[in-house]
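These notes are about the structure you will find just below.
In this document, chain identifiers A, B, C, D and E correspond to the written order of the chains, with residue numbering beginning at 1 in each.
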Amino acid sequence: MKSTERVRQILSWYPSDNPGTLTNLARLLNHGTLAGTGKLVILPVDQGFEHGPARSFAPNPAAYDPDYHFQLAIDAGCNAYAAPLGFLEAGAAKFAGQVPLILKLNNSDSLAKLEPCSAVTGSVKDALRLGCSAIGFTIYPGSSARNTMYEEIREMILEAKASGLATVIWSYPRGSNLAKDGEQAIDVTAYAAQIACQLGAHVVKVKPPKDIIYQDEAKKVFEKYAIPTKTLADRVRHVVQSSFNGKRVVIFSGGEAKDTPAILDEIKQIAAGGGFGSIMGRNSFQRPRDEALKLLGDVMNIFKNA
Amino acid sequence: MKSTERVRQILSWYPSDNPGTLTNLARLLNHGTLAGTGKLVILPVDQGFEHGPARSFAPNPAAYDPDYHFQLAIDAGCNAYAAPLGFLEAGAAKFAGQVPLILKLNNSDSLAKLEPCSAVTGSVKDALRLGCSAIGFTIYPGSSARNTMYEEIREMILEAKASGLATVIWSYPRGSNLAKDGEQAIDVTAYAAQIACQLGAHVVKVKPPKDIIYQDEAKKVFEKYAIPTKTLADRVRHVVQSSFNGKRVVIFSGGEAKDTPAILDEIKQIAAGGGFGSIMGRNSFQRPRDEALKLLGDVMNIFKNA
Amino acid sequence: MKSTERVRQILSWYPSDNPGTLTNLARLLNHGTLAGTGKLVILPVDQGFEHGPARSFAPNPAAYDPDYHFQLAIDAGCNAYAAPLGFLEAGAAKFAGQVPLILKLNNSDSLAKLEPCSAVTGSVKDALRLGCSAIGFTIYPGSSARNTMYEEIREMILEAKASGLATVIWSYPRGSNLAKDGEQAIDVTAYAAQIACQLGAHVVKVKPPKDIIYQDEAKKVFEKYAIPTKTLADRVRHVVQSSFNGKRVVIFSGGEAKDTPAILDEIKQIAAGGGFGSIMGRNSFQRPRDEALKLLGDVMNIFKNA
Amino acid sequence: MKSTERVRQILSWYPSDNPGTLTNLARLLNHGTLAGTGKLVILPVDQGFEHGPARSFAPNPAAYDPDYHFQLAIDAGCNAYAAPLGFLEAGAAKFAGQVPLILKLNNSDSLAKLEPCSAVTGSVKDALRLGCSAIGFTIYPGSSARNTMYEEIREMILEAKASGLATVIWSYPRGSNLAKDGEQAIDVTAYAAQIACQLGAHVVKVKPPKDIIYQDEAKKVFEKYAIPTKTLADRVRHVVQSSFNGKRVVIFSGGEAKDTPAILDEIKQIAAGGGFGSIMGRNSFQRPRDEALKLLGDVMNIFKNA
Amino acid sequence: MKSTERVRQILSWYPSDNPGTLTNLARLLNHGTLAGTGKLVILPVDQGFEHGPARSFAPNPAAYDPDYHFQLAIDAGCNAYAAPLGFLEAGAAKFAGQVPLILKLNNSDSLAKLEPCSAVTGSVKDALRLGCSAIGFTIYPGSSARNTMYEEIREMILEAKASGLATVIWSYPRGSNLAKDGEQAIDVTAYAAQIACQLGAHVVKVKPPKDIIYQDEAKKVFEKYAIPTKTLADRVRHVVQSSFNGKRVVIFSGGEAKDTPAILDEIKQIAAGGGFGSIMGRNSFQRPRDEALKLLGDVMNIFKNA
């Protein structure tokens, strides 16, 4: 489709990237219900790897099947579908060209309790042979294994950009250096977004930040400059500003499954704060398909009208 | 977009290809006015390289500008735009994601009178960094330099397939082994299509065959089995059958510029014979833009209703 | 042999793979007594490496000889024979083409008590020069060395797939993060199967799961959704469902040597639960040859009639 | 299947080859109606490339379809099916594992009248990704482009052997250095077989030699040592002896289409002379399917009873 | 020289190896006093690296000179001389072709007290340029650095085999996972031999095993199956059986310097148990030359008459 004024504006923020990467960014932005709006709703399904099959799929057993998620992403009008190697290999041929794909290149399971550091489980070559528009990679700022992850993505992002792919970084503060309540603190979340941007991400995914300021040095600054953090919209606004003054696409995950009004409320705040969209896994594929389609439609509507 | 039954059928003819290549084939088939019909109209602009600028662009000086052709392909609803490296580099970022691109990897000029053999002027890596869906390559069966060309495409097609790209082969019989009237003879054209298919092409482009049977051994067979060659539709049908029994996408070039009724007549015959589409360069970009849009629209209509 | 409907169905689950890999998968499925049934019984002999020679071969000293196992696999009508480099090198020429081979690419000995992580002891190039149909690789989910293993198989599976080989992943939860009773818990086993599938395995091998739910978060889900785990058949069914809804080939190891009725009983449960077969090492090669042939025959009969 | 005494004997002639190559040789020898006899009947379909589509397929239009030939080779019980890249890519996934494949790595068309030298149109990597058991390559001893061809196969045969593939060389004397009647002369044919063996071929394909001695120096020797050349059986015997004293597999092509009794007569002579089999293209796929199956069955019977 | 029946039998155990590797194995077996007997006595001089110069060479200062060892190996009629890079570089030209050479590719010094893991100090390319017949490599099963060593030899053995070289693995159990008395226990030694064989070694070198059974699981098996371990001959017999049922060449080191009768007694036991030979460093080069020649001659006599 022809790119809208807004999509062209977003693409203009990445002038170092080759036309291949811009093309794939445009594919993400120009697909599905939100095509052309500059907003994105992405379906991610890496929970089978991250949490195990029963925890992920028992609530809606149709979701054990890899085809299910491709079809859900397509029918819901998502901008893209993101998953690890095995899930994409299972359906990428059957659904070729019907929804942009993001190959999650590293994944973690919850059997070993390690300092957070996902294993690299796919490659840029896999992303090309599977027809993906982007690679996805998780970093855990705050982990002692930080350098391993930052250095892995350094190599992969360089190769991805040379190959004309876009890059989405999941930036989740976590690790032995961070207390639990620091993981979603507003200062830490904004910091995590900044790091992902500095690593060269085109799209950054963070968790919705909470009204906590975790680092003492940050606290002083937030107070001195009266950075508002009361509402989620305030905090999203700060995260977006922290992502190169809004010149990087920042999207927010929904986190654990919750009830529909709570989700929609959160989405409204994200949209109000200038968030570029949502990535919504468990809250969509763990619902019965009809309910998931309805919810995703409602979420997209919110972003559309934001 | 969701693939139609027809598009899924066409993709099923390429079961050796990875999902990346199928995705890019789907992109060609699912874009523009003819999206989903299994038919293609492609805008090729390699004439600047092949014939020189004035011969190519003086009739419509706007066409000196690389942007012109991207915009024409987009506005006309073409399935793809094909050009050499320089032309694609000039506009691929600006028009990122708005029309599938085909990088012509070899090109010839008409300054040197050589045994026909284009120079390789781009690479698969270029195609990736420019966001192309396919590579394009010209072979001249009948040329004494045949082996050079077949061996160049052998290496590039292997790399393209591994990288998830589709391949379009322009197969134009030509060379010192072939008299002028052999170049578009029906037997020779069908043979040229077969060669491109055997080399592994996904899409084959040939010239509309004439009612001439050039090779003596072929003449015997055409007569013995009463293969119809009277009408262009008959001949297109034979070329399509010669392309793996219709299981490869064969499209036809318009050749030199001619008047509109002649063109539309030819298109009707191609469509009636089961041709998968047209590739239309000089007949579109050498006309004023409005006329070109009108003509391309009329051509697409014919294929749509075939 | 011609592929049966069932074999064609199984191959259809791997649409991202090239025809070479599908050919080698078909070789595994179309060989031996169970040819064409979609079931597999594989003879694995890596115990010499894993447990030492006397513990492995003293019960049946003929088994010290590498030729013995090739001949046993052939005469028993197994679908394949799996072993480390040395054992395959010793017999692959003599028995060329008589039974599909799987090269175990990593192995562990029990002299060092390390955090579980096998050493890579062979390569994809070895698999090709020895005429193997597949590579085999062991991962230990739950080990702190998880990332090392997942990243080794990532590279090898990509090379194997490009070379037209199939991949079998042995997925055995183990390591300092996992208590002994967690290793064969149903939730952990299903999770281990899911991980192997997400890493891109064509065939997954796990241990028969026990009626234990190890992870607290999993326990809640198993209870809430009343996932049956009473019988081994129930548990096998859950593992198969957890393997891409039954669209990956999951086979079960027999584990330590036991008496014949106990083995056959276990096999009946595996078959009843929809397991695709068994991999049976010590229980076959540690018996006298005649008894091993009888037992393997009985096992195959159970799968044949399932 | 288990290899027969005869197959094991044949494999013992190639002791420099790794088990992978022996495995693929065994696959050729252990498949189809002649499995285990040490004889081979191979279906080759490169005529679409070599002679053009109408000349090849018009006599039996079902043969325009690539699937047709896979099915014919399977149903006829041929040992293998040989074709160029495009034809194999079209069906290798659908018929995965059902018949050994040989990828013809070089091909020639008859549009250009060049000094005989086929173009390299595929690679060993293609053979691996398509699941082939062997590569095929044509040399034209007597051509001025001899060195090009011998040097191309030198590189490809080395790579094929390292990758565990077998190699079939088509050795057809031809070129400006050879008069027409020399091409199938007994001395020249035996010489062509010797050259293919010296280049490292596992299987050599030549044309049935005629009772002509072409080279003057050869004539003296044939006379002095009274080498019999009267009957085709005599001449086949000399070619087989010339192929490392019968320790290379030499098979014979049928050449142009002819009537059934003539074919069967020729086959009887080839079998009587110790030929290892036939490669039969036009005489099979240009007949209606039923007649082709009947003829191939009769041919196999002759070899079986030889 | 012509290979004896016995040498041909030994070579037949390595059917996966190319003729180059077999040629180099034959060189080891067909050189020196024991040529053709299938027995080997090898002179290894890596003590300069492993223990330091004075500890190694002060007892017989002539041995400081690299030439000394070449000459000793030649004059004593050893099958081969094994040493690290520097020693071989010093004499390989001068003694070119006079004695088969083995390049020890990894070495350890005793300055650092590390978890046992030798450094890779040479390459297969060095072995080729120095005219070696084999590479040598030390592994320490039981070391926590096990994976590093197994993975290093994996790569080097693949390259060595492709280059036509033979491989000798020194397999010395050692490391923090193993108590001192486990290092030469019969179960551990047999296990170490098995591991070397599974890694693809042609020749395995272990220490003479002691009448200790170290692993509890092994103890049960040795008792249950009444595996004799009383005499060294018994134990050597078990190690040989554990080396692919005697189908790998296993030789024994003499260990630390001792008196002549003790040495000869040990050798008699090794020979009686079916050991293939000895590798004798300090016990030869630390004696005056005449005594060394006498001792080596006596040792060879024992093997000759075994």
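Throughout what follows, contacts are C-beta pairs under 8 Å (C-beta built on N, C-alpha and C of every residue); 3 or more make two chains touch, one makes a residue touch a chain.
Treat the numbers as computed from the prediction; the structure is a model and nothing was measured.
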Intersection of contact partners for subunit A and subunit D: B, C
Set of chains whose contacts include both subunit D and subunit C: B, E
Most remote chain, CA-based centroid, reference being subunit C: B
Type of subunit A:subunit C copy interface by residue overlap (half), same or different: different
Chain occupying the most central position, where position means C-alpha average: C
Approximate Å spacing (C-alpha centroids) for the pair subunit B, subunit D: 35
Where subunit B and subunit C are represented by their mean Cα positions, the distance between them in whole Å: 49
Chain centre separation in whole Å, for subunit E relative to subunit A (CA means): 57
For subunit D, residues that touch 2 or more chains besides their own: 18-19, 89, 92-93, 125, 129-130, 162
Chain-level touch network, classified as line, ring, star, complete or other: other
Chain pairs that touch, as defined at the top of this document: A-B, A-C, B-C, B-D, C-D, C-E, D-E
Residues on subunit B engaged by subunit C in the complex (per definition of touch): 15-16, 18-19, 162
Subunit A partner contacts - residues on subunit B that touch it in the complex: 1-3, 11, 18-27, 29-30, 74, 88-89, 92-93, 96-98, 125, 128-132, 162-164
In the complex with subunit E, residue positions of subunit C that touch it: 48-49, 51-55, 57-59, 61, 64-66, 84-94, 107, 109-114, 117-123, 125-126, 129-130
Interfacial residue positions of subunit E with respect to subunit C in the complex: 13-17, 141-144, 146-147, 150-151, 154-155, 158, 173, 175, 177-178, 187-188, 190-195, 197-201, 215, 217-218, 221-222, 224-225, 227, 238, 241-242, 244-245, 247
